[in-house]
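These notes are about the structure you will find just below.
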Amino acid sequence: MLFAEALTSALREEMERNPKLILLGEDIGRSGGVFRITVGLQARFGAERVVDTPVAEAGIVGSAVGLCLSGLQPVCELQFDAFSYPALNQILTHVSRYRWRTQGKAPMPMVIRIPCGGGVRAPELHSDSPEAYFCHTPGLTVVSPSTPADAKGLLTSALRSPDPVVFFEPKKLYRHLRGEVPDGEHLVPFGKVRTAREGSDVTLIAWGAMMEIALAAAEALATEGVSSHVCDVRTLSPLDEEGLLQAARVTGRVVIIQESPRNCSVASELAALLAEHAMYDLKAPIKRVSGFDVPHPYYSIEHHQRPDCARVVDAVHRILEA
Amino acid sequence: MKPGNADPADASLPEGVDEALALELYRQMVFLRIFDERALVYHRHGRIGTWAISWGHEAIQVGAMLALKASDWAFPSYRENKLGLVRGMSPAHVLAGCRGHPQGWWDPHQWRLGAISIPVASHVPHAAGFAWGERLQGRDTVALSFFGDGATSQGEFHEGANMAGVMNAPLILLCTNNQWAISTPVHRQTRARTLADKAAGYGMLGVRVDGNDVLAVYQAVSQAAARARAGEGPTFIECLIYRAQAHAFPDDPSAYRDDTEAEQARREECVGRYANLLMRRGLLTEELAARYREEFLAKMADAIAEAEALPIPGPELAFAHAYERKTPALERDLSELQRIQAKQGTR
Amino acid sequence: AASNGAGASSKVLATPLTRRMAREHGLNLAEIAGSGSQGRVTKADVVAALEGRTTSNVVSQAPAVQV
Amino acid sequence: MKPGNADPADASLPEGVDEALALELYRQMVFLRIFDERALVYHRHGRIGTWAISWGHEAIQVGAMLALKASDWAFPSYRENKLGLVRGMSPAHVLAGCRGHPQGWWDPHQWRLGAISIPVASHVPHAAGFAWGERLQGRDTVALSFFGDGATSQGEFHEGANMAGVMNAPLILLCTNNQWAISTPVHRQTRARTLADKAAGYGMLGVRVDGNDVLAVYQAVSQAAARARAGEGPTFIECLIYRAQAHAFPDDPSAYRDDTEAEQARREECVGRYANLLMRRGLLTEELAARYREEFLAKMADAIAEAEALPIPGPELAFAHAYERKTPALERDLSELQRIQAKQGTR
Amino acid sequence: MLFAEALTSALREEMERNPKLILLGEDIGRSGGVFRITVGLQARFGAERVVDTPVAEAGIVGSAVGLCLSGLQPVCELQFDAFSYPALNQILTHVSRYRWRTQGKAPMPMVIRIPCGGGVRAPELHSDSPEAYFCHTPGLTVVSPSTPADAKGLLTSALRSPDPVVFFEPKKLYRHLRGEVPDGEHLVPFGKVRTAREGSDVTLIAWGAMMEIALAAAEALATEGVSSHVCDVRTLSPLDEEGLLQAARVTGRVVIIQESPRNCSVASELAALLAEHAMYDLKAPIKRVSGFDVPHPYYSIEHHQRPDCARVVDAVHRILEA
């Protein structure tokens, strides 16, 4: 099943199961969304449950807050990564705080789906990886799948979460990644890393579209006799701290791979976590292979910005030497 | 239109307002007024924090709330932090909030009141979404969002209002135009002739009422609610008054405006004006008015004592409710903090 | 590759600094008694181990002349 | 009003439009049209990326730009990414941008064009601030912001428009109501009767013109610019057309609308309509029209070749210009990357 | 001089010097701002250079972009920390990228001043420490002073910076911290940490209002014979990496103190930086004494959230034992 199809099937099955789910976003109805993730859903569930909204992200997320208060469970699609920014005020001040502000009485069981990442030859502001803004915000659960099975399983969990979930969908994977997806109901719990490959020399930690790079690097390293342990973070916030510490301890050498800029990012948090809690298990400096602290470049030169296999392999060489 | 500068010529009650209701409107206005006056004193004593006074806004707050059904929801801003009183919330509860005490929270579902929205206008989309959601679920609930003249400049007011129009949400946008946003006069807030002029941009009815006239507010909101319930969509109501007090305490209006207009506004304030009307109609006596005052003054004295008696909670509460279940990291952080605080013995 | 990888010392607690010192002097961390909390091998333990072993081949690893 | 459904009864030119200008309007429209048609072909060849087509928007883009002085500024959205052509920018330059090549950037000061704004409506406050700044500095510059019907739903449109009103900024808000925002029809975008109805909410003049009529657009913008220069503040102009094409390529409108209206719009498109008018007036011949087409087709062929010949830059450019001076960390990152790429030898 | 007065004097002196500076914000004119930082400036420079705006943060920052294009240098005051969130879209998509997008031709020499932090018994959303959102955004310079001298010197540098500067003013310091400020022109360069105290056992890293806590902890530790090296980060982004690495190397034991939530924060970045580049100099795990990953609490219980001396001392004890 395609990654995109896995997402669609999670939405479809949960909407069948749970009449409180309502989808809203720009162009998700008749057109099925610019990435075709909601295709067929309006025809199936009607225009009252799959709602085309005005071009107004704060309006979308803000009215989702109200929809939650009315007892519904809204699923917002924000069209591209950078178009989540107009909704940040709602997300930071209300979505993430309403449960807390009402001591649990008014939870916000909403999902905010955001296609993310580069490598798709897109115009400016269509290739950001903004997860850190959300991870820095207490009250949100931030998730990103890297396989079709996880796309379905994590999205299903998101759709059943009592807390607001920001769900990052690497747009590069939508129609390029195909994989097995278990039949029927499939839930992947939040807060559990996935071991994508076992190994003993170095631990590669990644998520989303960067898992492809991590696994390719692991392959390349294997040909040199270096054995990589590859860990998929999956839940970017709150982190599976135990799982991550264990993954680091397996080898004592860690490379973290991410697409976003580096400063105050998820990779920063992962490195900090290890520096606080796994220091005595580490054999070498931690390495971050990350997007640089520059805006995501024009697409003809975005390959310089996006971590690739060569950069990961180089980082591994350096910490093996270290 | 100028707010509050004339008593209505006759003292007849509008449709739907019987004498009991007329008096109840007054009683609630007095409650809010006394709350405000006492809260200011408590603030000056240092017994509560920042006080967002709404002295002079009683006609709007009470008129609007009483025009709603008990099943309708209101979405307050900071200026309406005491709106719960009108629905039976205890004043101690509100005062606890003013003391920065966690007991100041409320359950929106219990009171059918959204949480206080501190960022100006950011709750307008909530009210829009809520109203839309109620309609989707076949309920006849109406939502009313309070906000100020300054709030109309915010993008989120715009997005919420526009969305409500498109979704035909049963929403009332109740704008308290008190002519000031802290130090900024409304003519520096927008170049629109009236704030109600904004309604056409959302394809909704815009009306303007004298916000010092509780009966006018009551009537406008009643009509808007009826329209909303009839599926005719949202209404924008501009209630014109003049902010007779400081923005909040602390704030010193003498830095930015001269007091003549405020002075005038204080003379024409809504509670006294409505009392006059009721007295002319023979519905209210000086005695009854005094009785109300006594009643609420006593309530307030008890309430501040009650609020002050609340113990300051330990750290557990700071860690609770961000998520349905505390994360392992929060569990660890909390127990670390408890260990340190125990060692210190100072908390 | 990974000659210093998941070897005998992988269960030993030590900072990267301590590990590197041991590595550079050809010491096996697992053979050093750790004096730190939970048996952690400290830098001091490594220094002590080095001093207690002056006749070993360690000397030849050091530059003969400091420049 | 319906856009573009009738030729004006007489073919007289409006005030301020002489014959040379009338022809120049046409010529530029043909340029944009041909650019669009060729770009679509290049897109289908895979020679350029996403193509935000503005086929049918030529009357608006050219009419507005030619009504401005050379010293005035325009602030384009993605839909006006080829606006520079009207000011002499080379088509290769624009095509480079469509190829995701860094040469697609431009210097706003050189062209007096803001950078393309990708997030819908987010440049409206820029135009407002710019216009205000020019006025503060005693210049008589006017700013014009292009945006679409969908953009009017955004908070930043609202905040920019309101701010421009308050600051009395010499700004023209030029809204291209092509009745679609990707798949969303304008009646699901707002409940306002017309988009021009929004102007009153900002205390500004709102006008509505047939966006298929280049002379009408020219005239409306000229008048708005004159008002702005005279210190009378901003104007909102709604140009009504119908988006005859897809939103962009790729995008498949058949998923969300039936083609009849689009078909009709394609028949009534602005370039042909204006050609007819000019021919009736004897200003344009088939021959001259053909000559223009030839000229621009040749230009485009050269342009794509030129754009394709641009070498793909190394990583330096990805690291440049985020700050005035590269930070030490960026220096280190760049040299690391260069070391790795050199080792790979694959870049 | 009070911290607040130092800020006012920087604004006043630079406005005298540079006619292109224009201040805009809510209530900064007649009233002088809710924190009285712009007091007297409208009277001095007129209502065209000290401008009361509508209540519209995206409008303020967005029009500042336009003001930059027109050749002015706007200084925006956002009234409180959390009221920067409505402006995030402008800041993330335009302020930080315009120079880059135009290859240096249209720089954004603006300053965005944001009062920040808690401990002032304020209502909800008036006590946030949102610096990480800005530090994660390439193209911005993010600064926070901790003394009156730095308040003046760093703000003066900000007002002369060719790049957009987000300037965090710890509101707790405004009228509580008094200190010497050099007479006349006083510039403190960006990208240089400040050593606030020299020491040899442990390095405390902090900034803004937390410097007070760091210094108090250093005093307390000194009574036990523990010598603290205290480093004021000052420029939160781009970091003075060399200065920070040196400060860490002085003692090999590091405690980072911050008020904001921890996840993907500046403290995360600092820890990650050290874990990447100073790993072999560290004698113990890094410790972060941070706000927890919860919304800033009601003010009667905010002392649980804000790092205090006891927590810092405890952290130092733990890494000294380690």
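Lettered A, B, C, D and E in written order, each chain numbered from 1.
In this section, contacts are C-beta pairs under 8 Å (C-beta built on N, C-alpha and C of every residue); 3 or more make two chains touch, one makes a residue touch a chain.
Keep in mind the model is a prediction, meaning the values are calculated, not measured.
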{"item": "Of D-E and C-E, whichever chain pair has more C-beta contact pairs", "value": "D-E"}
{"item": "Where chain C and chain E are represented by their mean Cα positions, the distance between them in whole Å", "value": "43"}
{"item": "Euclidean distance of C-alpha centroids - chain B vs chain C, Å", "value": "69"}
{"item": "Inter-centroid spacing, chain D versus chain A (mean Cα positions, whole Å)", "value": "35"}
{"item": "Chain B: positions in contact with at least two other chains", "value": "102, 118-119, 122, 153-156, 159, 162-163, 166, 188-190, 322, 327, 329-330"}
{"item": "Touching two or more other chains - residue numbers and ranges from chain A", "value": "53-54, 56, 58-59, 82, 85-86, 89, 93, 100-101, 124-125, 138-139, 238-239, 279-280, 282, 284-285, 292-295"}
{"item": "Chain C: positions in contact with at least two other chains", "value": "15-16, 20, 40"}
{"item": "Interchain pairs in contact, sorted by label", "value": "A-B, A-C, A-D, A-E, B-D, B-E, C-E, D-E"}
{"item": "In the complex, chain A residues that touch chain C", "value": "200-202, 221, 224-227, 250-253, 279-285, 320, 322"}
{"item": "Residues of chain A defined as touching chain D within the complex", "value": "26-27, 29-32, 34, 52-56, 58-59, 82-83, 85-86, 121-126, 292-295, 297-305, 310-311, 314"}
{"item": "Sites on chain A touched by chain E in the complex", "value": "82, 85-86, 88-89, 92-93, 96-97, 100-101, 124-125, 132-133, 135-139, 237-239, 260-272, 274-277, 279-280, 282, 284-288, 292-295"}
{"item": "Sites on chain B touched by chain E in the complex", "value": "49-50, 78, 99-102, 104, 116, 118-122, 150-151, 153-156, 181-184, 188-190, 251-252, 255-257, 312-315, 317-319, 322, 327, 329-330, 333-334, 337, 340-341, 343-344, 346-347"}
{"item": "Chain E residues touching chain D - in the complex, by the definition given at the top", "value": "22, 48, 53-54, 56, 58-67, 69-72, 74, 86, 89-90, 93-94, 98-107, 138-139, 141, 162-163, 191, 238-239, 241-242"}
